[in-house]
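Have a look at the structure below, then the notes.
Letters A, B, C and D name the chains as they come in the text, with residue numbers starting at 1 for each one.
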Amino acid sequence: MAVRAKAAAPTLDEFARAVRAEDLEPLWLQIGDLFSAEPTTPIQPYLWAWETVRARMLQAGELMPLGNEGAARRVLALKNPGARMGLATTQTLSAAVQLVHPGELAPAHRHTPAAIRFIIEGRATITIVDGEPCTMAPGDLILTPNWTWHSHVNEGDGPILWLDALDAPVVMALNQMFYEEYPTAQQPFTKARDDSLQRYGGALLPTWETPTRAWSPLLSYKWEQTEARLRGLAQAEGSPFDGIALNYTNPFTGGPVLPTMGCQVQMLRPRERTRAHRHTSSAVYHVVRGQGATTINGRRFEWRRGDVLALPTWAWHAHENTSPSEEAFLFAVTDQPLLRALDLYREEPASANPVD
Amino acid sequence: MAVRAKAAAPTLDEFARAVRAEDLEPLWLQIGDLFSAEPTTPIQPYLWAWETVRARMLQAGELMPLGNEGAARRVLALKNPGARMGLATTQTLSAAVQLVHPGELAPAHRHTPAAIRFIIEGRATITIVDGEPCTMAPGDLILTPNWTWHSHVNEGDGPILWLDALDAPVVMALNQMFYEEYPTAQQPFTKARDDSLQRYGGALLPTWETPTRAWSPLLSYKWEQTEARLRGLAQAEGSPFDGIALNYTNPFTGGPVLPTMGCQVQMLRPRERTRAHRHTSSAVYHVVRGQGATTINGRRFEWRRGDVLALPTWAWHAHENTSPSEEAFLFAVTDQPLLRALDLYREEPASANPVD
Amino acid sequence: MAVRAKAAAPTLDEFARAVRAEDLEPLWLQIGDLFSAEPTTPIQPYLWAWETVRARMLQAGELMPLGNEGAARRVLALKNPGARMGLATTQTLSAAVQLVHPGELAPAHRHTPAAIRFIIEGRATITIVDGEPCTMAPGDLILTPNWTWHSHVNEGDGPILWLDALDAPVVMALNQMFYEEYPTAQQPFTKARDDSLQRYGGALLPTWETPTRAWSPLLSYKWEQTEARLRGLAQAEGSPFDGIALNYTNPFTGGPVLPTMGCQVQMLRPRERTRAHRHTSSAVYHVVRGQGATTINGRRFEWRRGDVLALPTWAWHAHENTSPSEEAFLFAVTDQPLLRALDLYREEPASANPVD
Amino acid sequence: MAVRAKAAAPTLDEFARAVRAEDLEPLWLQIGDLFSAEPTTPIQPYLWAWETVRARMLQAGELMPLGNEGAARRVLALKNPGARMGLATTQTLSAAVQLVHPGELAPAHRHTPAAIRFIIEGRATITIVDGEPCTMAPGDLILTPNWTWHSHVNEGDGPILWLDALDAPVVMALNQMFYEEYPTAQQPFTKARDDSLQRYGGALLPTWETPTRAWSPLLSYKWEQTEARLRGLAQAEGSPFDGIALNYTNPFTGGPVLPTMGCQVQMLRPRERTRAHRHTSSAVYHVVRGQGATTINGRRFEWRRGDVLALPTWAWHAHENTSPSEEAFLFAVTDQPLLRALDLYREEPASANPVD
């Protein structure tokens, strides 16, 4: 060893250059950047005002035809100002708003990203999911899980607008995109209207069926029942962080509606202020009704009906209903099921009072 | 060996006597009796006519006071004519009818046998389960699971009669009886009326709760919704053996309401006749409404509203709604969850036409 | 109503007679007997001395041929002196001892009661389970689950004796007996010797297989490994109630080997005395090696190699290794999986010191 | 409407510019790029030759000290030539090689990315995982799950080299990185050597423990047993795609060792050629022993002892042992558990013969 010329040894820089040419990367040059004490994310807390989004959607409705000679979907994605990837609202969720005019058809296709639809305004429209026409009215939740055929038809005389949320950022980050168009624009109706609601819409389940997929066979959750359930629990203790909050569940498992995304609805009672907490899941909130504010990492976002709000991972947040007399209703989509499945979910309550 | 006197060898009879005195039993003397090719049971297919049972219950209501100076429960058990054990309706299920008059209180107690209550007539009555007052009306199902405090109070002005079904034969066969009386006749109300129905009565479940027991935290299933669900599926294919049949489920698991007993409700459409099959589970049927017949092992039992019917294990059976115009509704309690848990459940369709 | 003569009202005795003729039973006449504050059982704590059992087994070996012209099985059941039913050792478990002489074949059959075999003495014998020859040597555990074909062949030159334990009392109490003889006395060998041990005998499992039944596909657990595992944990804290105690598990689930019966082996270190506790499960213990005592409800049972001991439900018990220098090994079969599945399992530690 | 000047309507380009300024993105401009018919990935099939990697590692061992005055870890990451992100070997897996010289200590830290270690050469070294010293020898697998403290110490007189595989690309893509250094370089030893192997290394599991995490509490899998299991199954049918292939499992669940990564080992018999298939999971293969070739999407990669091979998602692949007399052993890490949990796993056999 001693006789080997020390001068011949490469420097660390020279070594790094050499090994990179061999598709090797010294970890010591990367570890400082990669290993942060707590999660960092380019995603920003952000609010899209419904007034703006709605106006743009209607404008899109004039400019961009739907279907054969236009777009497959008339959608504006709510792209987080911090997002590096295409259409991310949070690191894992892609929210958007979709508009279908009377007589229009968004043609049938399917893809591995799963989607939920939460109706904001309009009715007399159906989403057909694997042959089942699901009716749509304000506040309803419709699921179009991973690899289910889906199309949308407006059968009424006014426009319909809804919120889309997809797990597309995850599916794309994992390089798991499959996509297929149905041979015809409209898929055949093979089931009765709201068939899954009849079959699975309660604690009594058909004896002759056993679901075989990882997602909820109940594809439709009606707002009327949702609001009734929330109001019926108005006297309950609720969650200190969310007020009266309910998970949408798969009736065959009690678990989340989709393996990647969970849906939650919460009612904040007049003047209710929740405790702050944070969790590793991110969320997209939508204001179904009411007015209030959510404070995220010390920044206050005031919200009203229709607004959409992005909550990044591991961000402190607390909600407030600012009305002295009316309930506020928030709908949320989160990636909590995904993080729980991977054992990456953590949550932490704020030690002191709500952040302001 | 050869020199040992053969004469000294005992006969098999002498041997058997000798070893029995040592608490040993030759298997070869028992195996023929014990190991049958297919299940045998002392339980008989049997029908209790509601007309008779109801009259006897009212008579019991005059003769036997309830509560402090009378019986803890005013109950007539439907004892199968073949039953060897105390109160068995089938080998695993004990069905009975209970009567509470206005103003009466069946005092609070708890026990390891779990029970279900299915209301036959009367209302304005509550069953309090671990502090929750569950309202009772015809067709409602109320659960009082293993080791929950329960009492019954008639707050109305007419009698109430319901069907009880317990897994007591199993709990007793396993020597697992625990029983305790509440310090006072009435337990305190610690929850709102039908609290569990508000919390768990749909596919949206509270985010701030996680049940920790093996049974459904939803304790009440209302007939109004039950019938609506059945009628909503009138056009469905249904089960070839049961028509439109629904399992009552635990909304947190999609599984049976209790680990030992499952509950099922079925609608037979006018003139509907089901295919025959058999399964190792036994069942107690109760006619909620309508008229028809069930053929068990070739014997036809005609039934009408209120009747109760015992189906033994492994017995061929098929149902028939004899009305040309009205639906028939059957409620059933079975031991299928128990048998599935022990890997003892089997079923077999009849190869040919319904048995008649 | 008013004019009906009060004198005509029957007495409660008359009423009881009348309703019994209609297959109705007043609960108030039964409830006191049926509902005990804590479990009662006819089963007694009891010990069968190996010296006696072994002598009787050898005597049976001379008197009773095995196979075609004799018994299907040469078995003496350890019938609990308190048992009402045929062959119960505890209320749920039926233990027995079986003997096969060189050249003998216990012909192939199957039945719904599941069985375990724990070898006491002898070797060079195989139990064939669904075509797989499982080798048998002292201390080995062999499973013959519910409805698996099984036969036994002694290929050596000395007798083999083993302990059988079956869930037959449960299967019979539930009226779930199915039984079938194989067309020929010997079933064909369709798998390699100890095939399941090769496939599933460790934490690495074949990628190309997925078990479909509720029981362990690993059918054989060898004593050599069992003892090595126990000795390797000699310094561990262990269970305060059982010393170093291991559950035999299904490698695909980590759960019990059978849905009805669990198997456990424990090592009591020299002079080790365990804390007393009780649980609703019952057990059959077998002394693999060593000497000691088990105190059950205040009564002390001294044991040595080969003895079998019945522990009834809900009985206080504590173990003691009386040797100052040698380990003691106890094997046990329990009904804990059954009771857990039905939500009937409870356990309770003694508040004070071990009962003596 | 009619009177509004049509000329005032913006073009679609103008509209896109306008809405982008409002953090809205027209989906129709993105959908063609984002939604591919089948998965696309920048990851390339790629092989790192052990000869090269080993030489570079030894060079790194001379240039870069370990510990206080050097790197926290002396690691060269196997960066896929197609990878956009820091250190990805496949889209979800980050493989690397690590070297520890005698007397060196890689200080204790923990992080949310989970890791596995597969030893290539060297021994007399321990990885301490949450206080448990796990011994390392060639072919052994050691787990350091999500958020477990881990450090490495070489106690011998020669270098040790091992393969690391982490789910870091997933944890980073989800923005879920937590990282913490232990207060001291060495963590205290709180458990016996290979304690988890004693406790959980077989089908008998301690009665007094219940794991509470989503990963295997068995942290160590010894090559000696692994090879014995593989050789014991040499006559088995095996998998048509992988030969004799075993999954490393969590003994408490039978499931994968980690929620994000699965480990598999396969033995290819002399001259064995497997059928081609593809699946959405990606993998990193490591050649434990032997020589052969893997054909990926028509390109043949010849391999020998120590080489590492990246298999991208949805790529056709088949394996071949080119030796006429010796077995070949491949170890693999995959993201199959992750994809299954998210319902994104698919696989497909090649319809015809192996691809060549």
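Following the convention adopted for this analysis, a contact is a pair of C-beta atoms (placed from the backbone, for glycine too) under 8 Å apart; a residue touches a chain by one contact, two chains touch by 3 or more.
These numbers come from a predicted model, not from an experiment.
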Contact-graph distance - origin chain A, target chain C: 2
Farthest chain (mean CA position) relative to chain D: B
Centroid spacing, where centroids are CA-atom means, of chain B and chain D in whole angstrom: 52
Cα-centroid distance, chain C relative to chain D, in whole angstrom: 44
Euclidean distance of C-alpha centroids - chain B vs chain C, Å: 29
Contacts with 2+ other chains: residues of chain B: none
Pairwise touch network: line, ring, star, complete, or other: ring
Of all residues in chain B, those that touch chain A in their complex: 192, 198-208, 216, 218, 221, 225-226, 229, 232-233, 235-239, 242, 245-254, 264-265
Residue numbers on chain C that touch chain B, as the complex places them: 9-10, 12, 15, 18-20, 22-28, 30-31, 33-41, 43, 46, 48, 52-53, 56, 59-60, 62-64, 70-81, 86-87, 91-92, 96, 111-112, 146, 168, 170-180, 213-215, 259-260, 280, 282, 312-314, 335, 338-339, 341-344, 346
